[in-house]
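The same chain A turns up in both complexes below, where it pairs with chain B and then with chain C.
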Partner chain A sequence: MFNGLLKKLLRVLKRKKVIKLGFYGPVNAGKTTLANRICLDWLGTEVGRVSEIPHETREVQKIENVVVRTNNGTLRMNIIDMPGIATQVDYRTFMEYGLDEEEAKRRAKEATRGVIEAIKWLDNVDAVLVVMDSTQDPYTQVNVTIIGNLEARGIPMIIVANKIDLPGARPERIENAFPQHVVVPISAKTGENIDKLYEAINKYLT
Partner chain B sequence: MPHKCTKCGRIYDEGAEEIIKRGCECGNRFFFYFRKVEENKDKDFVKKVTSRIVEVKKAKEFLEKELTDEEIEKLWNIKVEDGVYEIDLASLLNKEPIIVAGDDGTFLLSISSIFESKLGKGKKYYIERI
Partner chain C sequence: MEIKMHFIPAEVLAGMRTVDKINMIIDSIKKNIIVVLEEGLTPQEEAELIEATMREIDAENFHGIEFFRVDKRNKSLREKLADKIAGRKSGFMIVGPTRMIEEIKKETNYVVMLARVDELCRINAQNAEESMTKEQKK
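On to the complex of A and B.
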């Protein structure tokens, strides 16, 4: 019985710490699609709603104890999917997607609150995946501000160049824009290169 | 808006040719945009205001007693105009207190953010309810 307890204790001590991994990035970069992909791969279920309307995720979403097995070992993480970061939230954008004015204004308010929540959560994450859209110009105020602030706080990060399945994708632009950071091109939608992301998280963020 | 180097904090005018050609003097090539008022924001001035207010809904009158319109304009980091929200990301990321400027001249202050901010950390404030 004593041996059994000792073995259990050793197993617990050997176990890697669970990392709190925050998903940050501009609106519609595919943060929730990536969270869903990881959860589908390892928990067998999706967790967040995805749509083409900006600011679909307006509340912080936590997915606890996701265990990922890679060639270099086991990775345990709590995923925190954040609302998209923006410098302006305009209700008229939502009306272009068919929402009425009242609903659009409510969404704009919630989206702004989501930006504040996401920023507050920076105090509670161990590491960050900055998710960017490979089809978009990476030199935006949102991207540069997030990365500059993460650097200043000393929070380790990986940049995920998402949407490489789309025809206009140019992940090399992101690599050229942020050469000091690890950039992993993936498609969260199709799962392309997702293994490389797991390896990179295991290597650089644990 | 002027540009501020993310590494050394040096400030350049909007569209400065030197940063387009060679980046910052320190070798960095990344810059924040920031509102010009930001650099002049007087911490004591913000402290004076935030330390006196716990719940402000129609605060313009109160603020105007002591502050000019120009000074009030410096306060916000979220501005609402007819359902459009302007967000000053840099100041929020720098943990400045959340101050929302409404389009009807009102200001909303998030008290928890004041106490969590660099400004409020470890300090006791005299709080006046208006």
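On to the complex of A and C.
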């Protein structure tokens, strides 16, 4: 706990002009859709491919020097879009989406490497957006492990309750599961509440 | 139908290095044994467990793990202090092969673990066949 506080204090003292903002979360939570939304808003272009097939993002994607202007100032960040964290990868899941066996096995291998890479990056980010799907139960071990690791390292975070445009979305479940953290409900797909997220990043993560 | 579980007491875990705990868990899981740790791993150890799992995954035999650490959510400062004094680090943890475990989740007063019965039957049949082959070779 004290280690975490010390790290937070050091972070404040060493406040950076450009923050390395990592996007973490389980598979298919909408991390790349969010990265695309931010880049579309501020760079005018999308950067990553999204699909309904799990583990579409299998390598860390870096988008450098994104400048976001909010009512409270300007923030500069390098976005690091991570592969989704998972505890299992079964190639047969990919075959259900129409991939042949060879392609599915290759994708599974790449997905396992992606998870390892994302975990390694925990030591290299300044702040994190933990992206969760508001239609799913938030109290999963993957979410708990991600948040526990960020807390232990003293890395500031915002939880993004994504997919609020979907009928089954219940962002309040995420707020109830992690009341000690700032939760911002958004739809990365439609852009709903995205300005609130920019304000929150400026307020809590810089 | 057979389910094998190993219960590991906190005092045994206390004497183990992280790498040893993780190797013990992965070895057991690859033998289709469910492991219950009296004292769960730390978040950093959990991340290492996920990393180790990813390295071990192979398309045919091992697809990963399911695990769940049962901790009281949002402990008060007093409860945290009581844990510190008692030397308690975290709640218990269940880890099992994803092949056998559908889901582990916490309800209000208990933890539910759903097993894949069809897969368990397949594993038992496979084990029986392997034993028979060994016997025949003898």
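One rule holds in what follows: the second predicted complex is superposed on the first by the 190 of 206 C-alpha atoms of A that agree within 3 Å, B and C clash if a C-alpha of one lies under 4 Å from a C-alpha of the other, contacts with A are read in each partner's own complex, and residues count from 1 in each chain.
Note that contacts are C-beta pairs under 8 Å (C-beta built on N, C-alpha and C of every residue); 3 or more make two chains touch, one makes a residue touch a chain.
Quick caveat, the model's predicted, so the values are computed rather than measured.
Because the two structures share chain A, they can be overlaid on it, and in that overlay chain B clashes with chain C. Look at A:T190: by the touch rule set out above, it reaches neither chain B nor chain C.
Of the two partner chains placed around the shared chain by superposition, chain B and chain C are both touched by A:G148.
Only one of the stretches 4-12, 58-66 or 112-120 belonging to chain B overlaps chain C in the superposed arrangement, and that stretch is 4-12. Residues 85-91, 105, 108-109, 112, 115-116, 119, 122, 141, 144-145, 147-149, 151-152 of chain A contact both chain B in one complex and chain C in the other.
Within the complex, the chain C residues that touch chain A are 42-44, 46-47, 50-51, 53-55, 57, 59, 63-69, 73-74, 80, 98, 104-106. Per the touch definition, chain B reaches chain A in the complex via residues 6, 30-33, 78, 83-90, 92-94, 98, 116. Those residues of chain A lying in contact with chain C across their complex are 1, 85-91, 105, 108-109, 112-113, 115-116, 119, 122, 137, 139, 141, 144-145, 147-149, 151-152, 177, 179-180. Remark: chain A residues 85-92, 101, 104-105, 108-109, 111-112, 115-116, 119-120, 122, 141-142, 144-149, 151-152 touch chain B in the complex.
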